[in-house]
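My questions all concern the structure below.
Chain naming follows the written order as A, B, C and D, and within any one chain the residues start at number 1.
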Amino acid sequence: MAELALRMAFSLAQITVVMGVIMLTIMVLTLAERKVLGWMQDRMGPMEVGPYGILQPVADGLKLFFKEDIVPAGANRFLFSLAPILALVAALIGFAVVPFGPDTTIELFGIQFKPFIISDINIGILYILAFTSIGAYGVILGGWASNSKYSLLGGLRSAAQVISYELNVGLAIVGVLLLAGSLSLVKITQAQAGWFWNWYVFAPPFPQLLAFVVYVISAVAETNRVPFDLPEAESELVAGFFTEYSGMRFAFFFIAEYANMILVSCIAAALFLGGWNAPYPGTALARMGFVQFAWVENVVWFAAKVYFFLFLFFWLRATLPRLRYDQLMRFGWKVMLPIALGNILVTAIAAYLFPR
Amino acid sequence: MKFKAWLKTITFYEILVGMAATMRHLLRYKPITLQYPHEKRTLPDSYRGMLALLRYDDGTEKCVGCDLCEAACPSRVIRVVSSEVPGEPTKRYASEYYMDMTRCLFCGMCVEACPVDALGMTREYEWAVYDKRNLLLNKQQLLAIGDRSYPVREKRLEFQHPNVAFFNVAFKNLPAKGT
Amino acid sequence: MAVPVSYYVILSAIVFITGIVGVLIRRNIIIILLSIELMLNATNINFVAFSNYFHNVAGQVFVFFALTVAAAEVAVGLAIIIALYRSKSSINVDEFQLMKW
Amino acid sequence: MAQLFFFYLAGIIVLTSILVVALRNPVYSALSLLIMFFHVAGLYVTLHAEFVAAVQIIVYAGAILVLYLFVVMLLNLHREDRYHAQFPLATLLGVTILTEVILLMLQRGDSGAPVATPVIAPPTPAIGNTEAIGEVLYSTYVFPFEVASLILLVAMIGAIVLAKQDLFEQKG
């Protein structure tokens, strides 16, 4: 019983730390997005709060926290409150299986713990896919419960888009799963150790470059980011499904969107870019003799890969205009889906001919 | 040609060009933003800002209450109530003068129309208010604006050159010869 | 402290009966389809329970076939609902009597 | 512990499935069905069927129920006024089947002890749940698997044909 309590306490501590890091990252991202967008468009971004505007996220958070919480007339009060919570929970729950660092164990009070992996379940990828698909509920219910036609249209668009592109995400991942032979994110990452050509983007026998491209595009679409931000197209639908939301409930949707971005970036880093592995075998710190600090380098590599993807999101947003809705659907079903299926076919043949 | 277009499509060539452009702007970061409340642009010479009523150098109002500005205004901003100067039946003045600046479009026609140059356009533009009614300006407010924007005042018409005093109204707006 | 398999059977029976009752007493076609989902889930619970009981994954494989059928049913069923709603602008089952003599 | 989990999950499953039938707002019905799917998935996890649990959530909760909600919102349905008049029939059927099941259970006197020895030996524990399912699905059940894919194809085409109004109308 004591062991169980200890394990639960440790897991709770891990969850707290991960949540804290994610919330911090989201705060940084809200500022970074506006800054990067501004710089790319020859603007400055927020400059008022604090030196160079670095306290802007705090100001935003305070504002949203103290803002009046309006429930529109005729809205379904229960579902209106439920929708942001659903969206946020679905976005945050996926981090439980993401390996943030190497698969080392530490011993504390006579029990083995894995400090960087909250839980290594053998269906990790499926778990993440399952809970990202729940995110659509928050969107669609929020759109419906607001009793507003813009919200409803945004919610319906979002549901169609998320379902369509979730399929492509799943199929793009299958190629990696074929090569790795496991659904556990930890095992998949471990299989990519060594030089960077062992990463599944470049991996022999068949590089998953196509799957990577399909995954990135579909992930952008699934998180409702520009250029696929049709559910919240400002110029057409005011703000999409959260038109009627304000205050903390709006903040929940906002945090959920950013958490989803971080999650898909983590998955992309773990599946295609080798996760915590450095592009060279082992770690430089371990070679220099600091074996017990090798995890620092691993975690830094993971963070670097995740932040590269997050930067890619901003970069795309600064560059590309929004697609039309039928273009989006046609692109998803007629271009991305065949490519993903073809990739699975070729990868399966290659994996069969050249077993690793 | 067709093959080339196809190749461009599948390699996302156009998108990559666009992304290179945005990246170039990120690397050579030269903002064109003006941090407005802290930095202000230098206004052009012919800037048309807030309207103001002017005075002569002895402190008397220039306005003679002729209503021409009211007639010239396209959006009916101005309302003039003119009355006689007490004791001098030939002279008039504006006993009340209102400008509803919520409607003003700063065209400057009232300034052009004024025969005695009693109206002027200042360079003030920070006139955002919380209450719209604060933009209905009366004569005292307009004169105050004129006082702070035109520190150098004109002499009274009678004390200027006799020829100018003879013609007395807006000599610069006379039609050109031969028309 | 293992759970006897009979508990699972009773659970799935209750869910199945709820589904039957739902099909019979509701007028809304969508709720009727949801009740059918309930019944399919009841059978799935049984499959998985017995798969665990006999240590044989064949039961879980059958869950996949049930899932396939459920997905197919939803696609066709909802398409039919939309078609019906277009012609009748209602989804009350009592109003679809065209095939009744 | 296991029984505690079972009774919690079973209780919620029964409650939500009754709510699905009883609630008058279709959206609430669909949401209670969502809760039920999650608890069924939890039940699968306690039965060591993690893969089925994940697929349950992905397919049922992530796709099927979203489609239901989609249609409910598309048609903008309002709450239903009353139930169908088939209460006696439903009660009769329900009570009959329930008593049947309980009678069968009592007759066997089953209390958890295996009735027959398991026909197939338990798979080696080294193979995970997912691999075991894959092995069986692609060896013993290849033909049903192909048939299932055919069913899905037919359903997809059928749904498109049914839902798209002007598919067969001549243009011009």
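By definition in this document, a residue touches a chain if its C-beta (ideal position, glycine included) is under 8 Å from a C-beta of that chain, and two chains touch if they have at least 3 such contacts.
Note that this is a predicted model, so its numbers are computed, not measured.
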item: Which of A-B and A-D has more C-beta contact pairs; value: A-D
item: Distance between the centres, which are taken as Cα means, of chain C and chain B, whole angstrom; value: 74
item: Distance from the mean Cα position of chain C to that of chain A, given in whole angstrom; value: 34
item: Chain A-chain D separation of Cα centroids, rounded to whole Å; value: 29
item: Chain centre separation (chain A, chain B; CA means) in Å; value: 53
item: Two or more partner chains touched - positions in chain A; value: none
item: Contact graph of the chains (line, ring, star, complete, other); value: line
item: Contact pairs between chains, per stated definition; value: A-B, A-D, C-D
item: Footprint of chain A on chain D - complex, ascending; value: 27, 31, 34, 50-51, 54-55, 57-58, 61-63, 66-67, 69-70, 73-74, 128-130
item: Residues of chain C that touch chain D when the two form their complex; value: 1-7, 9-11, 13-22, 24-28, 30-31, 33-35, 37-38, 41, 44-45, 48-49, 51-58, 60-61, 63-65, 67-76, 78-83, 85-86, 91, 93-94
item: Interface residues, chain A side, partner chain B - complex; value: 36, 38-44, 47, 315-316, 318-320
item: Footprint of chain A on chain B - complex, ascending; value: 15, 18-19, 21-23, 25-26, 29-33, 35
item: Contact footprint of chain C on chain D as seen in their complex; value: 1-3, 6, 10, 13-14, 17-18, 20-21, 26, 29-30, 33, 36-37, 40, 43-44, 46-49, 51-52, 55-56, 59-60, 63-64, 67-68, 71-72, 74-75, 77, 80, 82-84, 86-87, 89-91, 93-94, 97-98, 101-102, 105, 108, 110-112, 114, 118-123, 129, 132-133, 135-137, 140-141, 144, 148-149, 151-152, 154-156, 158-163, 165
